[in-house]
Structure formats: structure tokens, C-alpha cells
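Next up: the structures, one after another.
Okay, so chain A shows up in both of these, paired with chain B first and chain C after.
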Partner chain A sequence: MTKAVADTPPGREQPRPGGPGWWTARRRDRLAGYLFAAPQLAGTVLFVLLPLGLMFWYSLHDWNVLAGGFTWTGAENYERLAADPALPGVLGATAAFSAGLVVLNLSLALVLAILLNQRLRGTIVFRTIFFSPVAVTLVAWTIVWRFLLQDDGGVNGLLSTIGAEGPNWLRGEATAMAAVIVVQVLKNVGLNMVLFLAALQGVPKELYEASTIDGAGAWTRFRRITMPMISPTILLTSIITVVGSLQVFAQIDVLTSGGPGTSTTVLVYYLYQNAFQFHDFGYGATLSVLLFAIVLVLTVIQWQMRRKWVVHED
Partner chain B sequence: MKHARLLIAAAAAAPLALAACGGADDDGPVTLRMTTWSASEDHLAMLNEIADAYTADHPEVEAIEFDPLPFEGYTSTLTTQIAGDNAPDLAWILENSAPDFVTSGALVPLTDTLSGADGYEYDDLIPAATELWTHDDELYAYPFSTSPFAVFANEDLLAEAGQPTAAELVASGEWTWERAVEAGAAVHAATGTDGLVIRDFDYTGWDNLSTLWTGWGANAWSADGAECGFDDPEMTEALTFMHDAVFEQEAMPGPGTTADFFAGEAAFTVTQISRAGLLADAAFEWDLVPLPAGPTGDYSVIGQAGLGVLTVAPHPEEAADFLAYMTNPENSAKLAQYFPPPRESQLTAEVLGQANPLLSPEQLQAVVIDRIDAGVVKPSHTGQAQLDQAVRAALDPLWTADADVAGVLAELCTAIDPLLAQ
Partner chain C sequence: MRTEHTKAARLTTARSRRAKLALYGLLCVLAVPFVFPTWWMVTSSLKSAGEIFAFPPSLLPAEPSLEAYGRVFEFAPFAAQYWNSMYIAAIVTVGTLAVSSMAGYAFARIKFPGHNLLFLVVLVGLLIPSEVTIVPLFQMFNALGMVDTHWPLILVPVFGAPSVLATLIMRQFFIALPGEIEEAGRMDGLGRFGLYWRMALPLSRPALGAVAIFSFLHSWNLYLEPVVFLSTPEKFTLPQALTQFTDAYGGPMWDVQLSAATLSALPVLIVFVVAQRQFVEGLAHTGLKG
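Now for the complex of A and B:
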């Protein structure tokens, strides 16, 4: 093995790589740091950054998988996106789903967390009951609900026992969207509930005691103490829920396949149809870029808003 | 000890180095892969038997793997594999995606390979069977299964409702859609079970309704695919008939209701004969009869499945050669155990009887052999997946009790006209 001698100017002699002087504790630490970070970094590059870059690249092409064509079309897919007659309906359905899900999920999670935060018998049982759907496989959960929501399914069967006639839930435009939202809320409300519960239990008791002495009622205590103290958790759960709601797919696919009509065709489902059913991966990628932009903008807005309503934010 | 942390870090990063070491292709004998949507052990055993006989004589092919994909989403899975540079060599192709595959250049032309193969008897293939898979006089896929739609009847339910058997209706010349729906409604009224189920329709798989509307002479679109047929008077009449059958006579289960004929939950079901296998342990008496006559008389609708070689296959030449072997007269007779063959000489009650031991020669003659030549295939069009969605979405408003049938169908045409024009 030969060693290369570095061509260094006189007076500025440096330790050779691998030599005793070069291999300092600092360099060793740095190498260890890089090695420790390498798996995570490789994963991020390979499975996040690279696909993200490819998505932008594909969106600039016409890629018909069957025909084997992959041709540069520049901004053509974006022009098509701007003129797509189906897009307003799709964005409307997406907004309706997200709004319904976020409002229902967060408010229900908070109410459940407050109820289960009381020192009452049986709260552990109820916590387990409300949290258990989170651990169930999404598709299995949704398939069971599809049977329950059929015209002659369990939900309408239950309603008929009290003399009420339920609608054909998954076949009416308004009821289908409501059904998809409720099924998704019931699936995931437990997760937000646990996060709220942890936040509620982190609120110092002294604050409540002090305010009670000052004569604050239950509502004032909730508004002036509980809400500000758990506001970082509200921010976290709202970001997770909004982003999650924009990525809903399996529930739509299993429950309604985007119907009736196109009333539950949300953006991700429309993207899936274009890419994987219509074999148009280029336009599918363009819709992904739109989804990415929407998620990014909403997250930035929420992040900026934290200054206004999150207490104790550095 | 001073290197301990570095060693742990190196160990943590080691899997990356391993992952970077991929395998490389070799130049030896090739392995072919064929995707199917059947995971039936019997089907796979038969396919493997044919494959083993082929590889024994063809050293250039080391092995042939059959890769069953779920029927639900089959075409999407296949195209995703193609997009992911993991295309199979051969693939089963559903009839509704036939035009997309056949006209896009996705499949290798087969006419020369098949007609040039020793003892292939290419002219034995029935033109009505190969038409869907042919483009510019070139065959792009072999229609290995060509199976007419027929009606299974539950004799016990009909008797319970005081109705004649299906065979009696056929014999007396009364076997029409109107009479079938009347019998279905009577069964529903008398027993509470459902009357007539067009299987796999479920208010989404609308192309299965062609088994009904063809009896009215209706078509989804014109033969050249350019003009919408849903607003034609024949179609309006056919779908008005069906709407009444569902919502007024309650002879067919409504949207959001499931009824499985094979579990004894309906008097009749319209489906392909290959489903007869589901009746092996049936707890009721049943029969198989041709589709009922419509206002335009007798007709038949056939469902098909093709087998093609993908242009982007890793080994297209070897795959085409195997396809020729797999579908030669000798192996076609083996395939006929499960799939009605497109070969004229093999469309006999005897050959089909081996495949369908539950069906009598008379049933096979009446339902399959007499009907296959005149069969109309289910509607398909270039860009079928997009059309499929558009029609499904536009038909949804039809499935309410107070729907305006003609109005819905006119809007449907407005919705799909731009797609048909593409």
C-alpha cells in the first residue's frame, strides 16, 4: 500500500489523513455522528426527497404507462389542471370532508378527554373503548362500517327498532359524505383524545385552586386556564388532523368509491383514479403537486397562527 | 473503549452498505412471469402442468411463475407493476381494458407467432371471439376464456312462490325478461328473499347491465365508439324496465342491498357459467338457462378474458413462444376444463362437460355452444377506465325511486361525449 504525500506549502504542514495527528477525538466524534445519522438520512433521501423530486419531474411529462410513452410536455399538465372541469367539485368535496372531520374530531376528542379526566369510576374502561379503534386495521374497520351502513344494514336495523326509517346512507350525496366523516372520526378520535388527556393532566392544579378562590366558575376556568394551557396540543392535533384529512383514501375507496356521482371524490381519490385507473401518471403527479402545495400552505398558516393563540410558545 | 462508539455507529450504518449491493441479471436461462387474477389451486395446478411440460423441452426457459393478483384492482396492479419497471412477461387481460391494451402498443402482436407455430390450427379460432383482441388485422391477445352469460334459477324458491320452473318457462316460450321479473317479484313477495340479481352489478359495475339492455337492442355506444347510445329510445326503454323492476315490482334488490344467489338469497342470477362451481354444495335445486328474451328476441352476451405478452416484458420472445405452446390445440383442451375455449373444434358439450361436471350436456349446448357465435361482448372502449367512472357517476341518480330515467340518460351522454370523442 502506498501513501500519497500531501503537497503542502512549507510552514503549513498538516497531519496526513489516517496519521496519528489527523485522527483526533473531534474527527472521530464527527464520523460517529454522521454514521449514526446515516440510516435516517438515507431513508429520508430515498423515501421522501427523491420521490418528491420525481413527482415534480413526472408532472412535467405525459406518461402513459400502457403505451410506454414518457414525453416532456412542460407546463401542459398544469394548464390542464387549471382548466379541469372536475377539479372544483373535487376540491369542494375535499374541503367539506376536511372541515367536517377536523371540527368533529377535535371537538369530540376534547369533550371525551374532559369527561374522562374526571375522577370517576370506570374511566379506564371508557378510555380503552374510545382508543381501541385506533389500533384496528383501517380497511377492516371501514369494511365493517360499509356493512353496517347498507340500506338493510345494522345502523338502519337499529333505527327501525325505535320506529325510525334511516336513509340509504352511502347512496345519498349528503349522507354519504357525512357517513365517511363519522366513520373516520370514530376511527381516530381516540388518538386525539389521548393527546388532549395528557395535556389536561399536565395543567397545574394550583391554577385551578387559585382561580376558584378568586371566584371563577367552571366555564371561566375552562376558557381562561384549560384552553390556554393545552393550546400547544390543540395546535399539534389540528395540524395532524388537517394533514391526515387531506390524505384520506382507503375509507373513500371502500365505502363509496368516490360516489354517489362524484360527491365523495376527494383530491387523493381523484389523483388515484387518474394515475392508477386511467393510467395517466403525469397528470396524477400534477395533482400530487397540488396536494403537496395545499398541505404545505395550510401547515404554514397553522404554524404562523400559533403565535396568536398558543400560549408559552417560544 | 475509545472506539466503541464509532463501532456502534458503523454497525448502525452497515445495513445501508448491504442494501447497496444488489443482484445482477445473468445471461443464463430465463424465468417467465405471468400474472393472473385466479388464485384457484386447480387453475394454478393446470397452468403449472403445462409450464412444466414446456420447460422440459425448452432449456432456454428455466421456470415459469404464475403470479395471482387480486381480481379487485387487477388492471391497476398490473399497470403499477409496468410503471415500476417490474412488468410481467405475460398477463391475463380483462375484457373491459382490452381496447386500451390492444390499441396502445402495450402488447406484442401474436398473429405471426401463433399462425406459424407447428400444429397450431390458427383458423380454428372463432372470429367472434378474437374480434375484441384484434387491431388492424393483428391479434394482440388470445381470448382464453369466452363464456356466455346465462341465468341460474333457484327451483325451490320458484316452487315456494307457486311459479313454474325456469325450464318450463323456456319450454313454453314464455322465458322473457318481463316474465322473469314477474317470477322474481312473486318470489320476493312470497318468501322475502330477492328475485333477480344481475351479479357483480351492485349499482357500480354497470357494464354487467349489457346482459339486460342487449335484449332491447340497446348499446352503450355506437360500433365505432364515437356516439353515446345511452339516450337512444331502446336504452331508455330497457333501463326504465329495470328501474320499475327494482323500485316498483321489487323484483331486483335495491342499491345498498346485497343478495347472493349462491347462498340461496335470490330466485335468479345473471352470471357466467364458470360460477357453477359455487353450486357444488348448494342446499337447493337449481337450473341453468339462457338469458331471457328481450323485446327484440333471443340474444346472448359473452364475457371474455385475454392472455397477452407485454411489449415491455423482460423476455417477450420467449413469452410469445410459450403463449403459442400454452394455447395450442392440445393445451387448449386442458384450459377448456375451466375456461370455454375460442376454438370451434373444441366447443362441444363433451369438452365443456369435463370442465363443468355440474352442468348437463343439454344445458351446455343451449347456454354456451348455441350462443357463443352470436354473442355480443360487454361494452368496452379506449379509455375505458375513465368512461367507466364517468358512466358510473352519471348513472347514480338513476337509482332512486323517483328518478327521471330519460333525463338522467341524457345527462349521462353529455358527460361522456367528450370522452367518446377522444
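Now for the complex of A and C:
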């Protein structure tokens, strides 16, 4: 907002501020612009930029809320981060979760969108069905799945009707991670599905007709026409999904509390544990810096990929 | 010649009918994990505690009873928690609509010095989810004496990172509005606020709808912030409250928990079923433009 003051011409001499000639429609319009944007700008400064700065500041201090004290330790928290024996596991879980989530989410969304894009009656019903978990309260959805995934829960009940015996999903390391990913994908895949469906419907029919005449098969048409045409949507959804996957907290807390062991302790959860369960704010802030860096790097990489990979832009 | 032609056509229709049947079959199988949990949540909330664990699971309650629903309100200040979620989500929705539509309008339609730079500053918010800044946010609200109040759950979504996406959506929409409309408004003697309120806003219903659905759901589902900021059960919002239905040993009381979960999901689900087109397209809009 300092820019507002600086940019208002210092027209102190003529005409006088407040005088009839000074208060022009243009000046009034500029002021309106600043006033309209002011709440959002102030909010960004107060609730985004200020905490971001504080995060870096805190990360340079030793600060346990229970023990008290706030002492400058320089890079000590970062040295601790580099040597943290739990960190490789946490980063591994984060990578496994994000990669699994993005791959499963995008491929399932694409498959569902392609199925719904066929000339079939009643696809709107199926669209509603696949989208419906988006409307279910997140924690309610997760609680139901925690019940269904119990040893004597509904999933194993269903499996037993076809003679299969399911594991205790949330108690095994690999199955717990898989379960957390699948529950999250089912919750939100409808969003990406709708985006893909819109993209598929935007592909000009003539392209398909022309290539069919040229003798291209279904798979070639998909690879050579559909994929390039919807690549901007794939990129967009992958960015949203990757960044979103790094924020997943409730599902982990409700389903596994980071367990068994630390097998589903992703970075956000580890950050929460350190800051709000062990009350170590300094180290919590350091982990926040790491999370921020990961979000930033991934976003930049994906925007760079746009140049290479995305064939067409609207 | 002619019969051959119809024979071939009949063959393709028979084949396409079989393909159609296979497609429907596939869609039905795929639909199970999407529908079953919600179906099971609602029906199990009407079952007795024993029947919930029946093996194999029953699809409909043998003796439907609302008994568990009564206990939801016995074990927790659930009415207060429900009210908290409702009123916070309502304020967040209205607040986000106001803040984002005004900022979006300014960045789209008003040329003021520095508007590009300031817009970039706002966009930084997209890169910094509240999860990243939760530690300093806690400390800030702690310093203001606002821990264990609802203020952080209102102020951060309305003014902070979540509203940035909303501002972006509104800006994209306002940019596409034809300039002649504003010219007409100016001729009628409308000032900036008049142009925004009387001309731009009424035309932007789809974008406003998208932002409303998206910010309501965001607030309704908010979990990390309540867990971090709130400690008094009477102040809890629904997501946090749902996890609290445990017995003396910390094990979940399933029938009560499922009833509470059903109560928390039902209003949004009803809105979704009634207005599903707006709902789906609104949220798709949020994704597309975001």
C-alpha cells in the first residue's frame, strides 16, 4: 500500500489537493482500485507473508513452548534436520504418498472421464456417483473407511463373500499406505474426472474423423490426438493434485495417526507432531521451511514442464 | 446387396450393444467404492451396535432405530459443535465472496498504478498453503489472545491463502465481461462501487456460485486448524468433534460416531443431490480457472 502514496503524483502545486480540479475521475478511480483490493492485500500480508517471514525467523531459534526460552541458534535447527534419523523415513512416506496419490488419482480420473465420454445413456447418473464423495464431509468419509478397513470391517467382509481373506489393512505398513492413498483418491477423484471430461469434450471431433480415415486405431488416436489435446488439463490437475497431496493431514490423523510405526508419517504430520505434540516450535518451523521448499520446487518444475510437454495452450 | 448391408448393420448393433452392456457393467463395478461407504454410513447409523459388526455386513438395518442419534447429543455438546461449523462456514463463505469479488474486480477492471505487482503479491498465497505457516499462525493468534476462539478459523480462510484462489477465479471472470456494460453503467451515472455492485456482480453468478461452494466446503472440512487452535469441546467444529466419540478405553463408539458422521454429511449431500449440476460445474470451474 505504500505504493499508493508514492504513485499519487505529488501535485501539491496545482491544482490543490482537495480542490475541484485535483479530485479527478481518474484519481477517484485509482483510489477505488486500492480500496477494493485492500482487504485481500492486507490479508495476504498479515496471514501469508508475515507468517512466512516469521517461519524463517523461528527456524533460526531454539524454542520449546513448554520449556520456554527463545534463543538464537543460527543454523542449528537445519543441522538437526539434516541429521534427523526420522527424516529419510518421513520424506520417503511423503514421496510414496504423493506419487501414489497423483498417479492413481490422475489415471483413474482419466479412465472414468473416458468411460463417461462414451455415447451412453445415464452417464450423468454415474458422474453424480463418482463425484458424490466430494460432497461428503472429509472426516466423515475417513471415519467410515477406518471402520470398513478394520480387520472385521466391511472390506474384508466383502472379500470373504468371494472366498478371499483380506489383511488388517491399517495395521500393515504397505497396506496402510495403500489404504490412505486409495481413501483419499476415492474422495477427490471426481474433481479431476470432471476436469478431464470437460477437456475431452473440447477435443474437435474432426480430428478423430480425419485420423480414422487415415486408418489410425483407437490406441493411436488416444496417444496422438487425445493426450496432446488434453495435456494442459493433465498438467493443471497434476499441479493441483501434487500440491494438495502435500497438505493431506486429516486423513492420516484419523486413519493411521502416522502409523503403523512411522510408515504413514508424511511431512505435514511430522511437522504437526513436532510443533504441537512435542511443543518444539523452532524445529516445527524448520520442517515448515522444508515443506515450503518442496511445494515451491515441485510447482516450478511443473511449470517448466509445461514448455516442453504441453503441446497446445488455450 | 441390400440384405448384406442390413446384416452388417445388425452385426455392428449387436456388437455395440454388447460393448454397451460391458461398459455399464464396468461402470457399476467402479461405482461400488464410491457409493458403498456413504450408503453404509447412513444405514449403519440406524443399526444397533451389534448389527454394525454383523458378518457378512447387512445392506439395510434389520430394525431401524434412531437410538444412536440420541446418544450423539448425550455424549458431546454436539448441537453446539454443529452450530459452530454452520456459522463459521456461513461467515467464511460470505466473507470470501466479499473479499475475493472486490479484489478480483479491482485487478480485472480498474487500472491503478502497481496493480500488476500487487496482483503478483497476492498470487504468492497460492504457493503457501496454511499448513506451511501453521506454526507462526498459531503464535500470532496466541499473541492476540485468540487461541481457543473461532477467530483463526474465520480470519485465515477469508483473508489468507484460501481466498487467493477465489480472487483468481473472480478476476478471470470479471476480465471476460464486455466493457460496453460498464460504459452503459457510467452513462447512468454509476460510480465504481455502483458498477461493481449493480453491473458486475449480478452478471457473475456462476463465478460467485463456484466460490461459495468451494469456500463453504473448505471451511466445513477444515481439520488441522481446529485441532491446532481449539481445546474446549464446546468450541469444536464438526470434523474434530467426530473423532471424539470414544469409549473409556479410547476405542471408537462406532454406532454413535457413524450417526454423528451422517448428521455432518447429510446437509451438504442433500444440497449436492438437489443442485448437483451447479455443484459439479461450480467446483470444476474452480479447478479450471485455478
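A few points about this structure:
FYI, the second predicted complex is superposed on the first by the 299 of 314 C-alpha atoms of A that agree within 3 Å, B and C clash if a C-alpha of one lies under 4 Å from a C-alpha of the other, contacts with A are read in each partner's own complex, and residues count from 1 in each chain.
As a working rule, a residue touches a chain if its C-beta (ideal position, glycine included) is under 8 Å from a C-beta of that chain, and two chains touch if they have at least 3 such contacts.
Please read these numbers as outputs of a predicted model, since none were measured by experiment.
Superposition of the two structures on chain A leads chain B and chain C into a clash.
Using the contact criterion defined above for the overlaid structures, shared-chain residue A:N168 touches chain B, although it does not reach chain C. Of the two partner chains placed by superposition, only chain B is touched by A:P260; chain C is not.
Legend: residue contacts after superposition of the two complexes on their common chain; A:A75 is shown touching neither chain B nor chain C. Contacts of A:A135 after superposition: chain C is touched, whereas chain B is not reached. Looking at the shared chain after the overlay, A:H279 reaches chain B, while chain C stays out of its contact range. Judged by the touch definition given at the top, the superposed model places A:F36 against both chain B and chain C.
In the overlay built on the shared chain, the residue A:V103 is in contact with neither chain B nor chain C.
Of the two partner chains placed by superposition, chain B and chain C are both touched by A:D152. By the touch criterion stated above, A:L66 is placed in contact with chain B alone, chain C being left untouched.
More residues of chain A are touched by C (comparison of chain B with chain C). The superposed model puts chain B in the path of chain C at one of 113-121, 185-193, 203-211 or 239-247, which is 185-193. When both complexes are aligned on chain A by C-alpha atoms, chain A residues 28-29, 32-34, 36, 39, 42, 152, 276, 281 touch chain B in the first and chain C in the second.
Considering their complex, residues 2-3, 5-6, 8-10, 12-13, 15-16, 75-76, 79-80, 82-83, 100-101, 104-106, 203-204, 254-258, 311-312, 383, 385-386, 389, 392-394, 396-397, 399-400 of chain B touch chain A. If you check the complex, the residues on chain A that touch chain C are 3-4, 7, 28-30, 32-34, 36-37, 39-44, 46-52, 54-55, 58, 112, 115, 118, 120, 122, 126-141, 143-148, 152, 154, 157-158, 160-161, 182, 186, 190-192, 194-195, 198, 236-237, 240, 243, 246-247, 249-250, 253-254, 268, 271-272, 275-276, 281, 284-285, 288, 291-292, 295-296, 299. Across the interface of their complex, chain B is touched by residues 25, 28-29, 31-36, 38-39, 42, 63-68, 150-153, 168-171, 257-262, 273, 276-279, 281 of chain A. Contact residues of chain C toward chain A in the complex are 20, 23-24, 26-27, 30-31, 33-38, 40-41, 52-53, 55-57, 98-100, 102-103, 105-107, 110-115, 117-118, 121-122, 124-125, 127-129, 131-140, 155-156, 158-161, 163-164, 167, 191-193, 196, 217, 220-221, 223-224, 227-228, 238-240, 242-243, 252, 254, 257-258, 261-262, 264-265, 268-269, 271-273, 276, 279-281, 283-284, 287-288, 290.
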